Amino acid sequence: MAEQWIKPYGDTQDDGRVQLSFTLPVPLDEVSKEGARRLALAMGLDEPAVVHAEDMGQGFSFYVLYGQSKHRIDLSTIQVAKPEFEVLDKDGVNALIAEKMGRKMVVVGACIETDAHTVGIDAIMNMKGYNGHKGLESYHEVRAINMGAQVDSEELVARAIEEQADVILVSQVVTQKNIHLDNLTRLSDILEAEGMRERIILVVGGPRISHELAKELGYDAGFGPKSYAEDVASFAINEWIKRKAA
Amino acid sequence: MAEQWIKPYGDTQDDGRVQLSFTLPVPLDEVSKEGARRLALAMGLDEPAVVHAEDMGQGFSFYVLYGQSKHRIDLSTIQVAKPEFEVLDKDGVNALIAEKMGRKMVVVGACIETDAHTVGIDAIMNMKGYNGHKGLESYHEVRAINMGAQVDSEELVARAIEEQADVILVSQVVTQKNIHLDNLTRLSDILEAEGMRERIILVVGGPRISHELAKELGYDAGFGPKSYAEDVASFAINEWIKRKAA
Amino acid sequence: MAHLQLDQARIDRARDSARRIAGRVFDDMDRSTTTTVERATLRLMGVDGVDENQVPLPNRVVDHLLERGLLNRGAALAVAAAMNEQGWTAQQVAEAVAAGRLVLDGGDDTAARNTADALAAQSCEHIATQRAQRAALIGNSGEAPQPWLYLIVATGNIYEDIKQARAAAEQGADIVAVIRSTGQSLLDYVPYGATTEGFGGTYATQENFRLMRAALDEVGAKVGRYIRLTNYCSGLCMPEIAAMGAIERLDMMLNDSMYGIIFRDINMQRTFIDQFFSRMINGYAGIIINTGEDNYLTTADAVDAAHTVLASQMINEQFAYLSGLVPEQMGLGHAFEINPELENGFLWELAHAQLVRQVFPEASLKYMPPTKHMTGNIFKGHVQDALFNMVSTVTKQNIHLLGMMTEAIHTPFIQDRFLAIQNARYVFGTMRDLHSEIEFKSGGLIEQRAQAVLAETESMLAEIKRTATGGKGLDGVIAKAPGYYNPFPKRMLQGGARHG
Amino acid sequence: MAHLQLDQARIDRARDSARRIAGRVFDDMDRSTTTTVERATLRLMGVDGVDENQVPLPNRVVDHLLERGLLNRGAALAVAAAMNEQGWTAQQVAEAVAAGRLVLDGGDDTAARNTADALAAQSCEHIATQRAQRAALIGNSGEAPQPWLYLIVATGNIYEDIKQARAAAEQGADIVAVIRSTGQSLLDYVPYGATTEGFGGTYATQENFRLMRAALDEVGAKVGRYIRLTNYCSGLCMPEIAAMGAIERLDMMLNDSMYGIIFRDINMQRTFIDQFFSRMINGYAGIIINTGEDNYLTTADAVDAAHTVLASQMINEQFAYLSGLVPEQMGLGHAFEINPELENGFLWELAHAQLVRQVFPEASLKYMPPTKHMTGNIFKGHVQDALFNMVSTVTKQNIHLLGMMTEAIHTPFIQDRFLAIQNARYVFGTMRDLHSEIEFKSGGLIEQRAQAVLAETESMLAEIKRTATGGKGLDGVIAKAPGYYNPFPKRMLQGGARHG
């Protein structure tokens, strides 16, 4: 593929302009201001300008900077991990499940551990769906079980076993101190320990989740913002067919 | 001096959090989003997150990122160039001029070349001053001549010669494409050519001017935002005394 | 002045329905106590500390009584009896129980009652002193004009929180809320000591309360403004947190009669019983309670569900009266959550905020910023927050939670808070008297909208009948036995902010 | 509806004073012409291009006539006479003059007049076609509702400008202004061709106009909205730029009767004469002129100097009528420049904006964003811009210059513009009908403020007497000789937007 080097753009191709803001844990003075500028230099910004500097009290100061990034990126070298499947609409998904599975697909979902943000998982699972995209409960070829908020991983796994689930959907919204990574690892360890990991299609979603991250954590797919039921459902049936064939 | 390493601060000492935004000259897709993330990585930001990505039309896309700066700066090593003098008030300046010079100090000021932003030089020179700080015209030991906007460097120098000026004050506000650097260099070259550079105290000011920059350009001092007449006047009389002694 | 024509008879009818609903719940719930109510009672009587497994002593004693089938007569009597018997303090009794050195039995004699009463009197005395101390500090350093700027800190580490809270106060915060660690609401005990490891917030512990209180008193003196402290009085330990807050002089508590049921799947009975007890404590301690109606709008649409907010506020108001609170202590919640893409959304927002203002003219309304429709676009978010600030000043809200431009991203960085305060101060200042300079068109869209929401509220309240069981914490609900005794209500329900 | 009680008699008296002032200036100025008026005349007659030193041919011809003392009879006749003599086009005549191959002499015979008239007719025909084309394009693709979003591009390079202008239009811009390079206003000639090297802006050249016009027509068709183009019709070449704009179908021009005098130290007579001629062209071409009162507030305080804005608008209005413009073509300027730290500043801003709206109900008011009080704090700046957006929609302004959060830092980056549009769209949408839903308190602070500004304006205008000479460009002012002839006024003053 042809190289495609790009830089940030302010008002002229390759001017590299970026905006930056941060706090320094020192009061404002000429030295701290110069420190802010040097940080920008260290980041590889040419001609960085501290366009705003303000003392915040209690030994903190705030800075806004603009500078010109030296760095450039060759987009042609970037491979973004993506789950490979065709996104079908609801009817398409239903038809494919009926054809290939000959029974309903069982999907158990939850917002696990301490996380109580159910709006995301509800958006995927509840009848009503989100932004005009109906949720899995409305798919007649899917048995969708939404366990809701703050579900322990053990509980989720137990339910998945009980319901003979094909797919587990997990939502993780709180990411502070990377708690989502701990939670997700914990769930996949438990599945592993139960000997269920191979059997189940394991999917995670949330505002800071990418497919790449999900793969790193040993999940089958990850879905970020603006995902809808048909995306997950299309992935799941596709994956099911692929595994069956293998 | 004891080392004083600092990093940006988000909500915990040394977490290094910074906010970043920029445009890329490509439409939004998964690859460009990853490209944005890699740029942040290249800048030395750990765990960069593209928290917002939006297509802008016409082949541009906009990104907001947060990440954790790896870089840190030892503030104890930073020496900020500063003009060294004690800032006196108006009466103090007048008294010192009267005592040491025994005549009025002559100051010629202008906003040079294509720059027409006179508010800054007016703030320093006009009777009324700025933010409650009276301007040089109100100093009875200063003869202040404000030539206004878009004054050619030649014209300014001619006037300085004519008036036997002790000090030249230049204002530069427009900095696009570094035009201020060209203009300032031009003025100092002309002074040099006229053999006047040694005799005159040459001062520049403006929102993007620092003392450091002024020194680099061969000026005697530079004044940035929030400078007032007493700052410049104190510097000027101090410098005059120093030169006299030398 | 910004003012809407509203049908007062409709407001009165809605309020009557709410009074009826709250009264019925109170009568039902008065027949039971809960483990955490009893633990709170013990805390007020001076029991504190943890055992070698970090289990709080109040839990150890209450569990002990529960095991022995004695909790239904109240923990106060059993402990007081043991105190009399042994000549110990309540704390010594608790330690002995935890160490297995002492087994409690019933003890309902007058001597035990007297001891319990004496301890309660002492405890109330301490809380009254804190109340007086608050008044004195406000007298000395003054307090901010309303809307008060309310800021959260949520680092997970009480010492970082303190740093940020001080900075926030210097920058202009009037109220500091320490956000609680994710998941604490479902812990059936209160963690102990100073903590540095929370997720999305810092554990609510008595020591953390104390540390933050001291820091805010100090910075308050410096900035010449009493800085209010708030925390979450909800979840499975609601009354205990109320007790801790009263002891450590918190000034506000997030304390809703239904939040736990709706958002934390906590059993209804448990919630209501805990509510009454904790509100009573808050009421007595002169603490403002903030209710959580704003949360409804994070899951429902803010236009469709506007009447549910008003209905809940009316019920919270009646519950509050039953627990002895005065209107100024009612921080009824609502929120600026209308979709920014909705045409004329700002008008509807004005209508809702003004409606609430007029229905509860004396309450300390708590107005929450946009959260749901905030995105990673921090620049647009900052403007959403500015319009929120504007509605707040135009409709004269009291407790103003600052919106953070990074709402959709992370718990606030120090600069987020700094910029949020600048935003609010700018808007409040530049529009200082706007509220008294504009009028809403009579019969116009804004007024019509407010009237419609009021009408929907009235019918909703008229229809509410009875409610179900289920949810977490039901095992902690204990039917009171005859002879059940708790020394606090009779003291707390008559004093407090109402009279002093 | 947002409406103020104002004293109509006072408005009428102020307007009478302004009419008197403008009329007197017109009478005085009608006795002279200027070098640039004559160059503009030549341009309209078809003279274009530059010599080997990049000096425009209109300058060469006019300088030639000036040297020979012939300019006071008008360039049109001299060139027309030569055309007749040689059987050449005007362009050929100019080229020959520039090459030193031809010397012009007087030539005031009827034949020369006829030729000049014929060329003028042709030129007016072309401009009328452009006007019709504009109407047709608006008919096809439609146009945006007001306030129109006005955005600037200022890269210095016309090709970058085009990129950014397209992107801006896709994002929602209704008007694109190409900012002019620093210093162009003091050039006594118009640069030639496509340019890529400006400072703080891009040179105004006819080719740049053409390139941008084509790009905007294209993107306008794509987005289904006619995108208006604007530039600066001011400085020492004001009438020539008007001519170029009329030829290339610009839609708006920054064209103030006093800006050059006050802000560029241009000679008064020169400015006024150039003004009349350029306004006449703009008027005929159906171009909206934007006046520069907003600039006053960048050097003076916006509260103290509010009446100077209104006074100048009234004078600009009268000058415009004298040049044949209709009210819809008057983009009278004002600006949101009150210090954000001023208590109730937003109220005064509302008062000023609404006052202007009511005094000029049919004008296309141009409302400028905060600039002077913008700082490097882009976050706060974005909120200042949001409040500006709000005042604009509440007071129903027409031409809305978008505020940039980076105003104090650099000419706009593409993302600054993008975010500015989002800001305005959000505010305009969420407050769509607010203007008709709120009322200003009768006799309140806002109304009082508006009345005070009006009163000050009236007395200021009543006192204006006569004005001085001095400043740049006086050498280009030439007293007309008897027999002076210019073929354009009689055509342009009767047609244009007024009748067609």
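Every chain is named by a letter (A, B, C and D) in the order it is written, and numbering of its residues begins at 1.
Heads up, the rule we're going with is that a contact is a pair of C-beta atoms (placed from the backbone, for glycine too) under 8 Å apart; a residue touches a chain by one contact, two chains touch by 3 or more.
Since this is a predicted model, take the numbers as computed values, not measurements.
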Task: Chain groups still in contact once subunit C is set aside, others held in place - done: one piece
TODO: Based on which chains touch which, give the shortest step count from subunit A to subunit C.
DONE: 1
Task: Reference subunit C; chain at largest CA-centroid distance - done: D
Task: CA centroid of subunit C to CA centroid of subunit D, Å - done: 59
Open item on the list: Based only on mean CA positions, could you tell me how far subunit B sits from subunit C in angstrom?
Closed with: 51
- [ ] Just give me the whole-number Å value for how far the CA centre of subunit A lies from that of subunit B.
- [x] 44
Open item on the list: Residues of subunit C that contact two or more other chains, please.
Closed with: 377, 379, 408, 410-411, 413-415, 419
Task: Residues of subunit B whose C-beta touches two or more other chains - done: 9-10, 13, 17, 19, 21-23, 49, 54, 60
- [ ] Select the category (line, ring, star, complete, other) that matches the graph of chains linked by touching.
- [x] complete
Task: Residue ranges of subunit A touching subunit C (in the complex, touch as defined) - done: 21-23, 54, 56-60, 62, 113-116, 118-119, 122, 148-150, 174-177, 179, 207
Task: Partner subunit B, residues of subunit A touching it in the complex - done: 4, 6-10, 13, 17-26, 30-35, 38-39, 42-45, 49, 60, 69, 71, 73, 75, 78, 80, 82, 208
Task: Contact set on subunit D toward subunit A in their complex - done: 154-155, 157, 160, 164, 375-379, 406, 408-415
Open item on the list: Residue numbers of subunit A touching subunit D in their complex, please.
Closed with: 9-13, 17, 19, 21, 49-54, 64, 66
Open item on the list: Applying the document's contact rule, which stretches of subunit C touch subunit D when the two form their complex?
Closed with: 1, 338, 340-347, 377, 379-380, 382-384, 386-387, 390, 405, 419, 422-423, 426-427, 429-434, 436-441, 444-446
